[in-house]
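Two complexes follow with chain A in common, the first pairing it with chain B and the second with chain C.
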Partner chain A sequence: MAVVGEAAGLAGLHVRPALRDRLDLPRRVVFLAAASMVAIVFVLLGFIAWQGVQLFVQNGYPIGSVISTTWSPQDAPISFGVLPFVAGTIGVTGVAVLISAPLSIGLALFLSEVAPRWARAVVQPALEIFVGIPSVVWGWLGLTILVPFLRTNLNGLGFTLGFSWFAGSLVLSIMILPTITTITYDAFRAVPQDLRTGSLALGTTRWQTIRHILLPAARAGTLTAIVLGLTRAAGEALAVQMVIGNRPTMPTSLTQPMTTLTSQITLDMGNTVFGAPDNNVLWTMGLILLAISMIAVLLIRKLNRSGGRR
Partner chain B sequence: MNTGDEMTTTTRAQDPIEASIDPSPATLPPRIVPVGPGRTADDARTGSPDVAGVAAMPKVAAEAVSITYGTKLAVRDVSLEVPERSILALIGPSGSGKSTFLRCFNRMNDLIPGARVTGQVRLDGIGLMDPDVSVVELRRRVGMVFQRPNPFPMSIYDNVAYGPRRRGASDRAQLDELVERSLTRAALWTEVKDDLRRKSGLALSGGQQQRLCIARVLATEPEVILMDEPASALDPISTLRVEELMRELRELYTIIIVTHNMQQAARVSDRTAFFNMGEDRAGYLVELDDTRTLFTNPKNQLTEDYVSGRFG
Partner chain C sequence: MTIGIRRFGVLAMAATLAIAACSSAATTPPAASSASSAAPAGGSFAAPACASGTITAVGSTALQPLVDAAGKAYVAACPAATVTVNGGGSGTGLTQVASGAANIGDSDVTAESKLATPDAATLVDHPVAKQGWIVVANKDVTGVTNLTTDQNKQIWTGAVTNWKQVGGPDLPIVLILRPTSSGTRATFKQIVLGGASEANGQALTEDSNGAVTTSVQATPGSISVIGFAYYQGTAKANLVGFQLDGVDATVANMASGVYKLNAVGHMYTKGQPTGLTKAFLDYMLSDAVQKGLIPAQFYAPVNP
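Moving on, here comes the complex of A and B:
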């Protein structure tokens, strides 16, 4: 003890730390990793914002020119109206969420409140596999199975339904189902068990407990799930593009072909020259898409804050 | 015992508040009714036959109740009776099955996967284990207060009105009255009456939250209240308030309380049941008696050791 005290004791406290300790390498590495992540995000945002305004800056089009429903990038009179794409994106994702949200919330309720353990053990991995299926596969399935099915089997209803808004929304709704389900499920599981037993002990039915305790308590989480589903759907390009028909006009009917921001960008980006107006308008559309998802992210943050206060 | 007793019993069921305002001693039955294991044949035969039937009928009874979780026996063969408007305390060391046993009376064990209850539990003589018993209706008549206060994340008013509303009560004036009455009876009204609708139940202190939970139970107008260590998560002052409250509630309700705190059992209860964990790690009833007798002059050596603090 005494030896240690003489060797490294009080005097040891004043020895300068080794070079390695002064550099503090691990801390720097993780800091660098975090910093580069943030930097990449900001550089990307800056680049897309910069490219997104080139149509107005470089090519001299007035900002108002994109607020039009006419899309004619090659044939005179040239018009870069992007409203059909914005409306298409909103329309196709909106209907997809309308289809998917009730199913997802129902599935989450089943998993969280009703399912016996074995059923949960089956459904949860199934959902994870669901997430893992690449979007091109969904699109292909939509193209080869769903669209022909709709076309041949729904004729009796008095309209033809092939490549269409409805087909796009249906494919999207399946793709976002696991997203909404898992996040809603987590929100339900986060509701303290005490509240459930407290409610049941007052002589309420399981459904009353779900309706009056569980759903309100998980409200913020459920809305977050829906908004995340919306953003996932709005950002999805490939699968939608394969079944939606890609007609650059304002969406008029669920049975008609339409287009979205993402599908138009992927269709046109190979056929245009960097810097040309018809290329720059695609960047503008990308910027609009980015703005939509940023609004969604802000919305989620706000929801979670207000949800946590309660 | 006379017909007056019978009448009070029915009046109470219809209008409990009347009884609380005017608890004329003559109209209330004696607090400590000697039934249960200590009951003798003579007690059962007291009075005229018809009145004796009413007086001797225990409010709640357990008959040879055993509870298993999966393959583990948690409670073995417990029989006891609780007379109306009395407090029975269940005491005993951890693992002696008190809480598990308590949950038979409102069938909360149904919610636990793998739990199985055998034997019979009776409320007013009606078998609660029978398949045609409505668990929802049962839980309205047998309320429960939990160890940890669990107010709902909603306003104080909505917390108290929760049970009645689920039963379809929507008349504003009636609900207002019921909420006030329940909160008053739970000794919380004066503290919260100014922001009933604005303040969340979660914004109250722990002791207030527990009284809110009691008010919430009272609002469903139960006959029996089960309390599972209702004061164990509270500070001493709040504990005292909850104990005072229990003594007041005894005028109107039949109460069964699980407690780790022997002083608490001694302070609030009329009768006390001592549970212990057997060699097979299953809980069983060792002794049940008037609280004073059980604490001062227990018949069983185990009880003696426990109440004098030698184990547990």
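Moving on, here comes the complex of A and C:
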């Protein structure tokens, strides 16, 4: 009996696994989720790329026609020059990062190296609330407080209208501050504690440790944070549109109105019809915006690789 | 690490919120709320011929307050029907009706002026109302009550750049334009400017009647053009509205034709309408809308 029982037990080992186990549903579900995400990204990329070239394919405008500073989609001579928008996006984003990056890195340093526990307990939730404020609110604040302030108090500096490149950059710099700060902070926290203690043991001051150990060690993370801030700023539409005045000419001065890719797309998309040249040029602008953020993503990957080698 | 993930979660959530805020702000008509409150509830007019089903009307934000109010009144009388009204702009309305995504496309301009001929030929035009626009300026522009067509041309093309040149205070003129694709801008350009190009390089651009109204109130010396429905209440009190060639910008003057800055609002269908779409368009042309809702919403009947 015992032998038979043992044989039966052994035979049990060779029974094919239950259907449920063979299907391994959880693995398939997560695989499907990942696969559909990748598929959606590629379908979207393909669609935007396809629509983005329709101005040249379907409407027959030469590619050179968009490389112009004249935006005149309705009045003859018709010109779809997108350079004012590209320059505007780069300009407003660049100045925003120039304002925001030093502040954010300083704030991250404070949180990571200087702040006592209670201060961190106050600043971190404050930052998270900051992130949660919708962009339309920032734009609205900019429109009701910043623009009139610039016009009345800094009129002498050239802010004749208040709506200006500087106003757009300032609003953006506040919006990207939490992004840059939190990612830089994580980069600082990821630097091994041994490096700090080792450095301090050599008799350096806290500033010397930060300057010569921490900042170089967290260089890749800091740059990643700045590039992420840049892409976030470049893609922002609503808040910027409300304060820059949307003047479709090349940006001339920080104190004067200008325009961006995102803001022109939102201004024109509801009034143009699908397939018409003035609608297709908006897709071309979207494609350019996508190219800008893809370059940024590639830059981040390159930074992270070089950061890993250090 | 978990803290990092949590923070990224917050970032992602904020991004989603921002997107949601963007899209809702872009599609919500500024006057939608005022529209419903001004709508009389049927009143003494004959009840509409009821049909059942669900239809969607999409497009012009200038026409939206009227269509929205008519939709609400129709559904109140005919509970078996659902009428969904959305904005999005005239271009969106024409695209969606031509592609069959919406039953009705609302537009300030004719389909022929926006769509390619084969698409436009499939659409049937239903003119439903006359809508008027008024030239407005910031409150600090005093001493000017009337602008002639010529003065408007000089101001909008940049030939005149200071209010003192047209009898106002010594104050630079700030043009606030709509995007080149806007129906309001196209109408104003055709009727008042005679097709002349606006001075883009000295102007600001705002994308809706509501945004323009806010900007003109806030910017000294600014001038723009808004729909009658938006020149009401507090906006009216905080703006200077001009006569055009000595004619007051009123619904009565627009209806009689002496005030020339007006255009017909169109509702397009793909082919001849049937069922609820036809019943609703018939209702738009009935006395309940033409004599009841239309004056209440500051439009004029399409057939005087």
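We adopt the following convention: the second predicted complex is superposed on the first by the 297 of 310 C-alpha atoms of A that agree within 3 Å, B and C clash if a C-alpha of one lies under 4 Å from a C-alpha of the other, contacts with A are read in each partner's own complex, and residues count from 1 in each chain.
By our rule, a residue touches a chain if its C-beta (ideal position, glycine included) is under 8 Å from a C-beta of that chain, and two chains touch if they have at least 3 such contacts.
All figures in this text were calculated on a predicted structure; none of them were measured in a lab.
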Overlay on chain A: chain C relative to chain B, clash or fit
fit
Who touches more of chain A, chain B or chain C?
C
Partner chain in contact with A:Gln54 - chain B first, chain C second, else both or neither:
neither
Tell me which partner A:Thr249 touches in the superposition: chain B (first), chain C (second), both or neither.
second
Please work out whether A:Pro192 is in contact with chain B alone, chain C alone, both, or neither, and reply first, second, both or neither.
first
When the two structures are overlaid on chain A, which partner does A:Gln74 contact: first (chain B), second (chain C), both, or neither?
second
Once chain A of both complexes is superposed, is A:Pro257 in touch with chain B (first), chain C (second), both, or neither?
second
Quick one: smallest Cα-Cα gap between chain B and chain C in the superposed arrangement, Å?
22
Spell out the residues on chain A that touch chain C in their complex, using ranges where they run on.
71-75, 128, 131-137, 143-144, 147-148, 151, 160-163, 178-179, 182, 186, 236-238, 241-242, 245-249, 257, 259, 264, 266-276, 278-279
So, in the complex, the side of chain C touching chain A is made of residues 4, 7, 10-11, 13-14, 17-18, 20-22, 25-26, 61, 87-92, 94-95, 98-99, 114-116, 172, 174, 179-183, 186, 197, 200-201, 203-207, 211, 214, 218-220
Residue numbers of chain B touching chain A in their complex, please.
106, 108, 111, 113, 136-141, 143-144, 146, 148, 150, 152-154, 162-163, 166-167, 200, 202, 213, 216-217, 220
Which residues of chain A touch chain B in their complex?
116-117, 192, 194-195, 197-205, 208, 212-213, 216-217, 310
